[in-house]
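In the two assemblies presented below, chain A is common to both, partnered first by chain B and then by chain C.
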Partner chain A sequence: MWTILTSKVQKALWPRGASSRPFHIGREALLLIALAVLCAVFASQSEFFLSERNLTTVLRNSVDLSVVCAGMTIVIILGGIDVSVGGVLAVSAVLIGRAYQLGMPDWVVVPIGLAAGAALGALNGTIIARTRVPPIVATLGTMYIFIAVLFLVIGGVWISGLPASLSFLVLGEFLGLPAGLYVIGVIYALSWYLLRRTPWGQHVVAIGCDEGAARLVGIRVDRTKIQAYALLGLFAGLAAVLYVARLRNVEVNIGTNIALEAIAATILGGANIRGGTGSLLGALMGVLFIKITQNGLVLIGVSSLWETVVIGGLLIVVLVLDAFETRRVS
Partner chain B sequence: MTDPLKLSMRGLVKRFGGVVALDSVDFELRRGEVMALVGDNGAGKSTLIKTLAGAHMPDEGVMEIDGAPVRFTSPQDAWNRGVATIFQELALAGKMTIADNIFLGREIVRKVAGIPFLDRREMHRRSKELLERLDVVVPDIHTWVEYLSGGQRQGVAIARALNIDAEVIVMDEPTAALAVAEVRKVLEFIKALRRQGKSVVLISHNVQDVMEVSDRITVLRRGRRIGLLETANTTPEEVVGYITGAALAQKQQLEQA
Partner chain C sequence: MNDPLSQRLWFLFGLLLAAGLAGALLSPHFLQTSTVGYLLQYVPVLGVLGMAQTLVMLSGGPGIDLSIGATMSLVGLAIAAMFGLGVPLLLACALGLGIGGLLGAVNAVLVCVLRIPSLMATLATFFTYSGLALALTGGSALGGFPDWFGVLAQGRFLGVPIHMWTVFVPLAIVLHVLLSRTRIGSHIYAAGNDERAAFLSGVKVWRLRFALYCLSGVIAGLAAIMTLSWFQAARPDAGEGMELLSVTIAVLGGAHIFGGIGRISGTVLAVLIVTTMQVALQLANISQAWQLAAIGLLLVGSVVADNAVGDRLRARLRRAS
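Moving on, here comes the complex of A and B:
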């Protein structure tokens, strides 16, 4: 069904035929339809849903996940995965919180948060590239370590009352639009440029398709991997900056769900978990799908536990349909 | 009047534990020549081409390109020295376009306001040229490689070798998995390479293909070179005789008599 639908949409949008499509136009169009249906359902059940205030809230809640998801898309296209991004975000956030408590100014604190994220991402990438441990296992290991670091530093107590000097990045408004939208725009434009318009992006895709082939043509596979994970780490560090800017505290359970949500959004958005293909735009729509589901279910009075059921179920449906499509092609 | 040697290997020995895969093998290749490499399973063909491709380091022996000694430490090393080996799996990225594959690792970049961007237009233009030189027909240059036929993929892999200006192109069983019409096409590619002065090593089980495109034939058997034949002066029966060892036995009988 999905296949038939996607091929129909593809033919409409991409007349040269499915075989020549360089990106997942079909998936993105379908997600747009799914989002419209979702919004229509929630809007019919809650008159508050489509209010400007609620939509702004959804957007603000989506900023950190969106930023992380851009990096996750690149890592998944590379044929990797990173389940430790929540831990990276947490460690960066703790460092940011402590730095603020020591009275450091924004221009010191922000680079600390970004550098910490990039360094931990690079650590993940180095372990994966050098030891050839499967990325899911390697990052599961580092996730436990990062979470332990969080608890050791934070000691079970929230860091709170942090300055509001950067809150405008998420909560502010610019030219009539929420500031978070610009942050997302800049990060996705940058990611798109790196992935689709540079040799580096070509190498990422090639490694995701066939690592051996990439090595044979002289691509520096290990270095590219480390850079991709470091980029994801950098984005997780930025997400930590934005998180602290928005909520002005660091809680003990910070970053708990973000890795799984980012992976889910990326796959909903059309990325192949085996690497090689994926879509930044699709991933961003996947984020919106998840965040709108969370928001809408709360508004119409359904327990938020159902949100995970909806997203988990949808993920399985997408993966099964992908598997069918892969079998059909081969 | 013979062409100068493009590549030569002398006294090549490769052991795996107690097994001698190559036992003092000599191999040579002239400029603009198609040299077929034939032999039964286990004759040492794979070991020889892996050595040529930089995937194996020989235990003994020397290798020369244009008369200068070389030693490949990795497949990239071999590619950089102009020896491109096209393995059966082809090393193409399935979910990338033809041009992206041909230029993989050697992308063309154009600066816009100081920022480097992939120059897709130029890569497409040059890819088209390369494919035309080889007479490779593809439905659309923007097609993902995984949607191409086996013969078309061979064409893309060869175009990539031409793009790095490879002088020696080693093809491992290029026709093994192809339909008849596709085989014709790949044999034409090989002839096109010879016309352009490239040296080709063709590994094949198919004696018919070998007879059609090769200039000379190297026959390996049990790790030794037992025959170096001029294709024009031999017959398929003789080649098969060498491969199976029958020719060798006959020769020994003649010598004894």
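Moving on, here comes the complex of A and C:
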């Protein structure tokens, strides 16, 4: 059993043997080329696109999605999925907003947001691990519940005029680079370390490859699952903190699209929806791809309503290409 | 009574009674004959979508169609646009069903030919279809239908809405017979229960699933026509939330998310439960937030309950064979 599992895990950790396919271009390189082409197209249509100010805006807009996407990648590698992550973000954000309104200082508010996110994530994980409900169904259900909580707390009115004390996290500059870049860097370095350099990360990959085998070799599957979903929730809570820091308000429809965007970015980045494989770097580039597309479409004068069509179409294309790839390999 | 599936039906009956009782306690207006008509007004649209979702789930794979609501919006808009261009309304409706079938066929190709997991494939088409519906109309509704068209969903016969008589009940009967009395039905169950065994005994598993995804698109078209007749307008967000509601209804009705178990009668009962609950909460003036929460709890709760029942059923089947 050990050998079956380890061979599968090895295949997942190092999926493309460089020796067997010397001319293979990795997903990240492919995405980089696609990003360059995309930027070239937008730059040729709009002079403003490559300006420092616009690129900083794109980066600032990508921060929350990037953070969520790191957690989503880990959950998808685990063989799960979480469509309620927008709801988690919304509930965290609304709690943060209310806490600020009650006059609490930053050092109380931020832990509240993070703890709320982690707790809701752990709730998802517990339902999924203990009752064996398919993750998509469980998180669809909890999404309804989280959105209901949002409505109840927010009462149909925007929370606005929140303090700007944390804005430097996203809007500030440090050593000449936008501060958001450092936040993304820290989160991705941490996630990469957890996933690729700790036993816990190996367990995540093993469960994604073959849950039954992972159980048989003694990996605590349920606990790892709950931890992974809680980590995603924690990241969603952090995204909520960053969202409030950036915009200083909480909208009624906060977080509506973030789950779909995060899933799309992760899949674009090369994660296998069946679990086992995925790339944090690829996911980050997927996020950039989505955010640059959104920004560029507006700049060249296409209605922002077309965003969803473009992202959806892109997702279909990538899925189809992946399907041909798997067919060719097998 | 010992059969877990009929236990499920009794359980659903109890739940329906409980929902009705809760409605009566919550609002003095609930226990009136007009409530029944009001309630049945909502049933057909949700009901046909729930049945389509049940069929897709039954055939296994695991199968799910998350694009069903977006397909419904898009077909509604297509019919309205064709009518606006001078196509006779009935022809436009017929073409709309065809378009629904085509949109379903896109899912079918992605899932059954390219073997992309249904969840991902239909999530992507959900994105694309709902985006198209919004982008093509700029978010505004299309209207201008003749008055006679409203008869389908606004007219009554013996106090029951016409679309109940002409669409929901016939479709439920046809699908029930299809599933329980025909060879195709037993093939669907076989494909959902054990794909390999079904394949080895000559069931064309993937062709069957292909057809069911197309059928799901056509049924979404039916739902679109009923909504058009009801509101006399095609809204780009007409099907919003329907994907989740239809999954909730199918699962609550006893369809197993991995296929092979489920009945149309369960789905019908589940639709009645969900609409009774919604109408009761509406009449009692309880905020939409609680309605959402109730649906969420129902979905999670029914899957948890279903897994318990499903496990027992599978164990029984294994022992029997």
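We take it that the second predicted complex is superposed on the first by the 305 of 330 C-alpha atoms of A that agree within 3 Å, B and C clash if a C-alpha of one lies under 4 Å from a C-alpha of the other, contacts with A are read in each partner's own complex, and residues count from 1 in each chain.
Simple rule for what comes next: a contact is a pair of C-beta atoms (placed from the backbone, for glycine too) under 8 Å apart; a residue touches a chain by one contact, two chains touch by 3 or more.
Since we're looking at a predicted model, the values are computed, not measured.
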Which of chain B and chain C A:Pro163 touches, first, second, both or neither: neither
Partner chain in contact with A:Leu140 - chain B first, chain C second, else both or neither: second
Touched chain A residues, chain B compared with chain C: C
Contacts of A:His203 with chain B and chain C, given as first, second, both or neither: first
Partner chain in contact with A:Gly276 - chain B first, chain C second, else both or neither: first
Of chain A, residues touching chain C in the complex: 81, 127, 131-134, 136-138, 140-145, 147-152, 260, 263-264, 267, 273-274, 303, 305-313, 315-316, 319-320, 322-324, 327
Touching residues (chain side chain A, partner chain B) in the complex: 16, 19-20, 22, 196-199, 201-203, 205-206, 208-210, 212-219, 272, 276-277, 329
Chain C - residues contacting chain A, complex: 62, 64, 110, 114-117, 119-121, 123-132, 134-135, 138-139, 244, 247-248, 251, 257-258, 287-290, 292-293, 295-297, 299-300, 303-304, 307
Chain A partner contacts - residues on chain B that touch it in the complex: 75-76, 79-80, 89-97, 100, 103-107, 109, 116-118, 139-140, 142-144, 146-147, 160
